[in-house]
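Listed below are the structures to be examined.
The same subunit A turns up in both complexes below, where it pairs with subunit B and then with subunit C.
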Partner chain A sequence: MKKALLTLLSAAMVMVAGCSSQEPTATTNPASGEKDVVTVWTYPVHNDYEPELKKLLESFQSKNPNIEVKYEVLSWAEGPKKFDIALNAGNPPDIYFDKPLGKYVDTGLLVDIKDMIGDKANNYEPVAIDYMKYEDGLYGLPLYMFLHVWGGNKALMEKEGIDYVKIQKEGWTWKEFKEIAQKVTKKNEKGEDQYGLVFQGSGNTSDELLNHLALNNGLPYRVTKDGQFTWNDDKILDTMKYIRELSDAGILPKETAAIDPKKRMELFYNNQAVFMGRAIPYFDQMMKTRNADIDAGKVQGQKVEFVLLPIPHNEGEKQVAVGGAEGYMLFKQKETTDAHLQNSLKVLEHLTGDEAAQASITLGLPPVQKKARETYQPIISKENDEAAKVLAGYVLPPAGISVETGAADDQFKAEVILPTVQTLLNGETTPEQALETFQSKGKMIFGK
Partner chain B sequence: MDKWKQFFRDYGWCYLFIAVPVILFLVFTLYPVLAALVMSFQKYHVLNPKWIGFDNYRMMFQDEVFWKAMWNTFVFTVGTVPLNLFITLGLAILIFPRSTRTQTFFKAAFYLPTVMSGVTLALVWFWIYDPTESGLLNMFLGLFGIENVMWLGKSNSSLFSIMFMTYFINHGAGIILYLAALGGIPKSLYEAADIDHASEWSKFKNITWPLLKPTTLYLLVTSIILSFQVFMSIYLMTQGGPNFATTTIAYLIYEHAFVYYKFGLAAAESFVLGFIIILASIAQFKFMSSDVEY
Partner chain C sequence: MAEIRTADTQMSTAALQKRESKRTVWRVISYVILSFWVLVTIIPMYWMVVTSFRDIGFSATFTPEWFPSSFSIATYIRFFTKTDAVQWLINSLFVSGVITLSNVLFASLAGYAFAKLRFPGRNMIFWVLLATMMIPAQATLIPIYIMVVNVFNLADTYIAVMLPFLVTVGNIFLMKQYMSTLPSTLIDAARIDGCSEFKIFRKVIMPISKPGVAVLAIFTFVSTWNEFFWPFLVTNSSGMRTIQVGLATFKFAETVDYGGLMAGSVIAALPMIVLFFSLQRYFLQGITIGAVKG
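Let's look at the complex of A and B:
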């Protein structure tokens, strides 16, 4: 009896001790002859990414038998939290999928790979590489470039006689967009509301509509490289007034402040939205798959064809598309050896190399890897592919702000923009009041 | 020495048994609390934390969002705890006279939301609060010609909408406790009251309610503690918006820690929250336990 109790107690103590000591995410002593274990945390960057990743890792391990790669595909909803906790406990994975953020750089655990990779950065599109930089450092390699623009319902546009090919090629002004959108805002044949534009307006993405339109109203950067805050003049006021006009005219649903990305898609799939934002080229593929599922009886609903469209710009201002790059970054733990870092870098290079170009192709954009780009065959519709290429040309280079300014901008977004835009969209704040808030809080946060 | 030996022979087993929970408490509760206390005086950095004295506390008290979050938490607590207790008690009184099988059914039915995934519940409530005419609540209001309401999108309705959710889902554990307490009230008291021709209300007021007070006090204290820590419904439904209208103190702590990596500030906020909960609990015991009959 005594022995049994002692065993029980010892087991409990071992359990406690085991739980309290953090298991390192990687074997840090490859010199011992054992396989070096490199940990990768990633996301389902498209619906079939995991099989693609497995294949990539198999090919890597056949060439590098001394390195074992353990990967985990996290969910978009919970993954970032898991990573944040691991990072701040000093125990991040060796390789993580995202874009470099000031807060990651600030931990000192995100590795600047500029000197480690030599001239290999030249294998990638320069704009994509620029988006992986912060100040003078290079903090990862791109897997793909993303493009956030607007989209349209092909059948509804054709029915309304909208020349979307012309819009794709030449763009459209705010005035032109409003005229077209006003015309198509009405009750549909089923007696349901048909909106000119649906856009997500709730939660942490409620600022996107304002961002898209501000960029297209001569405000390319909220904060410039020299730390100048720009959302404090008539341009941002006009942008907010334009959003209110769209809302007052019924073009945007009056419930936009409570519309999340899922509801936006639901309205689009239900043929209740002629235009929608934010849209990405991958929607072409997504909707084709959905249409096939409807034909096969797996999904109930109406088939919808997707057309990629530019964001309207104010007259006299340059057309801009929202874009950037995402890829893999290299992290170190509190005690990481150089040999382990080198092995992790090899994995990083492989995960973003020429063999990894399929991710970009599936997402509907030309690969960021120069070699793969030469043989690129699009899988999205020809018209959307051409539009994507045109729109990708309107993506701005990154602002190149410092880590400190980036942190201030993040604070401004969370504490000022999101709450202000939420009340602008729900009608509780006027554009003039919103501008006053931006000016006063901007002065407090940016000091100018 | 013999005394010690004798002591361990007599009581050693007791200490062995309590060692496990004590070790778990030390490792998983006391140590993190002490580490967080130290962190609240630091500018936390995973590699180089810096001691900054009371700066985090100063920053916290100067932050208007902190005060808004405190107010929201207070409103949430006042708006949910008493009404939820009232609903729970009402349901328990309705269930108690039924047969054992019926009681078991209702206990399980009311406990179900407690064990269900928060995400699943949120999906249902998203549909109920859908801002368009396809939302259940708006569909219902539409029958009376009332326009769509942005339940979660307006500052004046979003916190109420979150509170409203709790009126339907937080009764399982309370009902079980109240049913157990109701079962413990001697029947002879009701029989004596019947002889005196006491009304149902009089029986409730003079017998049931006083004898349920220990359970009520326990539920009140735990409900207030939990409502001060409300997080999941906010995180899933509104992310604190619009315009911080649903930002509670627990959600603010989460945002500061895991979105902005301001762990020191978040730790300071946690201690203020903990202090308030302790004060509120002491006050409840002081003012409410005097006439509790055990």
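Let's look at the complex of A and C:
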């Protein structure tokens, strides 16, 4: 027994010793003649993104045999935490998928690529490039532009006599939305709860409903270009009161604070949600695939058709859609060499170049790469494609805030908005108490 | 006199009957509460097993099916063929095994030293060690990450996954408490017979510490097997993931492959279920072991 134990221990030590001699991943010196290893951390931007990424990297490595790309597809739920720890430890991956945030720029590890890429930025839609900028710096290249709005269940809307084409074209006010949503909030034929609106409200997504409605209540930017914090007056109070009204009326499920994107989708698939948010044009394609799988017997469930809808706006206020760009950013570590940075940039350019346009197409939006845009054929339904084009016109340009203000805004979101909105959604905090929190913490963080 | 005694006997019989019926009522109440608790505990596991045999693809219906309308092992086939599941299981087994062995060795050695040896600063060192348990794990995460990944350059290796857990203060405390209850006369006798300290530890202490060691080993194995965040943080390639980290890859932004996820969860839970039922006795001992006065 003792011998067996000792043998096992020795074997373990040998195995561990053998495994510890792997090559470092990020700081290999290309000058030494070894392959330069570039690390990429990304996300499943759509369900088939990984095979797409593999193809992209194969084509890159066939042209650049001296560069090895190691990629990791992180989960949306845990990935940001892993990246934040790596970044705070001073050891981020060379390339990371997200949008540039003030807190990233603030670390000094996010690389300004404006002077490194020359005129290559001209290959992208200017508005998408604007979203990758902070002050004068360009901190990445876009993979796609996103459009975050609301959606509806086509069959249920038709059954209830809702003129969704009119809503798509003309928009709707908070009052109109509430009236319609109240009407459709009831028990469905199966005796289950049918909600007027199902919105993701858990974890990192809990601020989205408030953000959507605040934008549509005359608060286009949480912090203005001159650093003025705006979520501290009656407008944000009215927005929070409206959310409570929806919840108290049963239009929003009582457990919204615990509903994650997957749960929201399940309720929608189960015909328990007439309207849902946040919705993206990609849902059209996703549901078409699911319906085909149901027909083929691969998936159990009811077929659902999706309709893209605008976010309701308060009377007298402008309609706004949430949008922007996301893409790949270049990071450096403590001992990064110029040669390694140049190699990483090559990878970044390839991951967002013309060959990468398929990501936008799959997501149901015109590519951000100008060349690919010329030959773009939408794969989503005509009515949703047209609605997406109209709604894209309501997306605001970036706020153009400073790095310092951006970092403060990131802090305010993480430390104040997310926990406060969670308690607002589950009824532990009143809108008035939430406003007080915003005002006091806002003063502390933004200083005004 | 005899009449009084009969009356006493009748009274005590009545009191006994009353007490017995009270006990029966309480027993019934506790069985009802316990049965309810068993249901609460078992239902998620039942749902997990049932769902793992339903091939519902990437789009689950919201309402769970308590009595499955179909039976399929496609989810298990998908779990093993479309992922590196076998490698994840081997990794979990290896990592949990080494961490358990290492904790048994080092925590027993330290526990013995703190419980039975006299040396300057013994209590102070022990209290300092205990004080480190008060620091929240979140506060030490980045410094440990910096040491393991930046300083030792161990990212994506087995050592990175195991290093911070090779011995834990909790386990040292557990062994110290257990070994304090062992009779010191045995150690004194061994010393008189000329045993070295290490021999005393090996030949005298370890054989009589088997129940304590078993508890430590079981709890360490289970907690390491279930650990998610640290292995997720320091591994990058699929081949280095543990089963818990691998299972997370079944989640997408908007959908979950519930069938595949549940099949993986059943596979991941199986070793723990087997371990629990075969070593139930030690699990129960583990609940009280730390409560023994040292």
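By our rule, the second predicted complex is superposed on the first by the 404 of 448 C-alpha atoms of A that agree within 3 Å, B and C clash if a C-alpha of one lies under 4 Å from a C-alpha of the other, contacts with A are read in each partner's own complex, and residues count from 1 in each chain.
One rule holds in what follows: contacts are C-beta pairs under 8 Å (C-beta built on N, C-alpha and C of every residue); 3 or more make two chains touch, one makes a residue touch a chain.
This structure is a prediction, so every number in the text was calculated from the model and none was measured.
Looking at the shared chain after the overlay, A:A257 reaches subunit B, while subunit C stays out of its contact range. Of the two partner chains placed by superposition, subunit B and subunit C are both touched by A:N88. After overlaying the two complexes on the shared chain, residue contacts for A:K70 are found with subunit C alone; subunit B is out of touch. Legend: residue contacts after superposition of the two complexes on their common chain; A:R290 is shown touching subunit C, with no touch to subunit B. Of the two partner chains, subunit C is the only one touched by A:N47; subunit B is not.
Once the two complexes are laid over each other on the shared chain, residue contacts for A:Q300 go to subunit C alone; subunit B is not touched.
Of the two partner chains placed by superposition, only subunit B is touched by A:G108; subunit C is not. Judged by the document's definition of touching, subunit A residues 5, 9, 12, 16, 19-20, 81, 85, 88-90, 263, 267, 334 lie at the interface with subunit B and also at the interface with subunit C. Subunit A contributes residues 5-6, 9, 12-13, 16, 19-20, 81, 84-85, 87-90, 103, 106-109, 193, 201-204, 206, 253-255, 257-260, 263, 267, 334, 410-411, 414-415, 418-420, 422-423, 425-426, 428 to its touches with subunit B in the complex. Against subunit A, the residues of subunit B that register as touching in their complex are 13, 16, 19-20, 23-24, 27, 44-48, 65, 126, 129-132, 148, 150-155, 238-239, 241-244, 255, 258-261, 263. The touching residues of subunit A, counted against subunit C in their complex, run 5, 8-9, 12, 15-16, 19-20, 22, 24-25, 39, 43-45, 47, 70, 72-73, 75-78, 81-82, 85-86, 88-91, 192, 261-263, 265-267, 269-270, 272, 283, 286, 290, 293, 298-302, 334. Partner subunit A is touched in their complex by these residues of subunit C: 54-63, 70, 94, 97-98, 101, 105, 141-142, 145-146, 149-150, 153-159, 162, 229, 232-233, 236-237, 248-249, 251-256.
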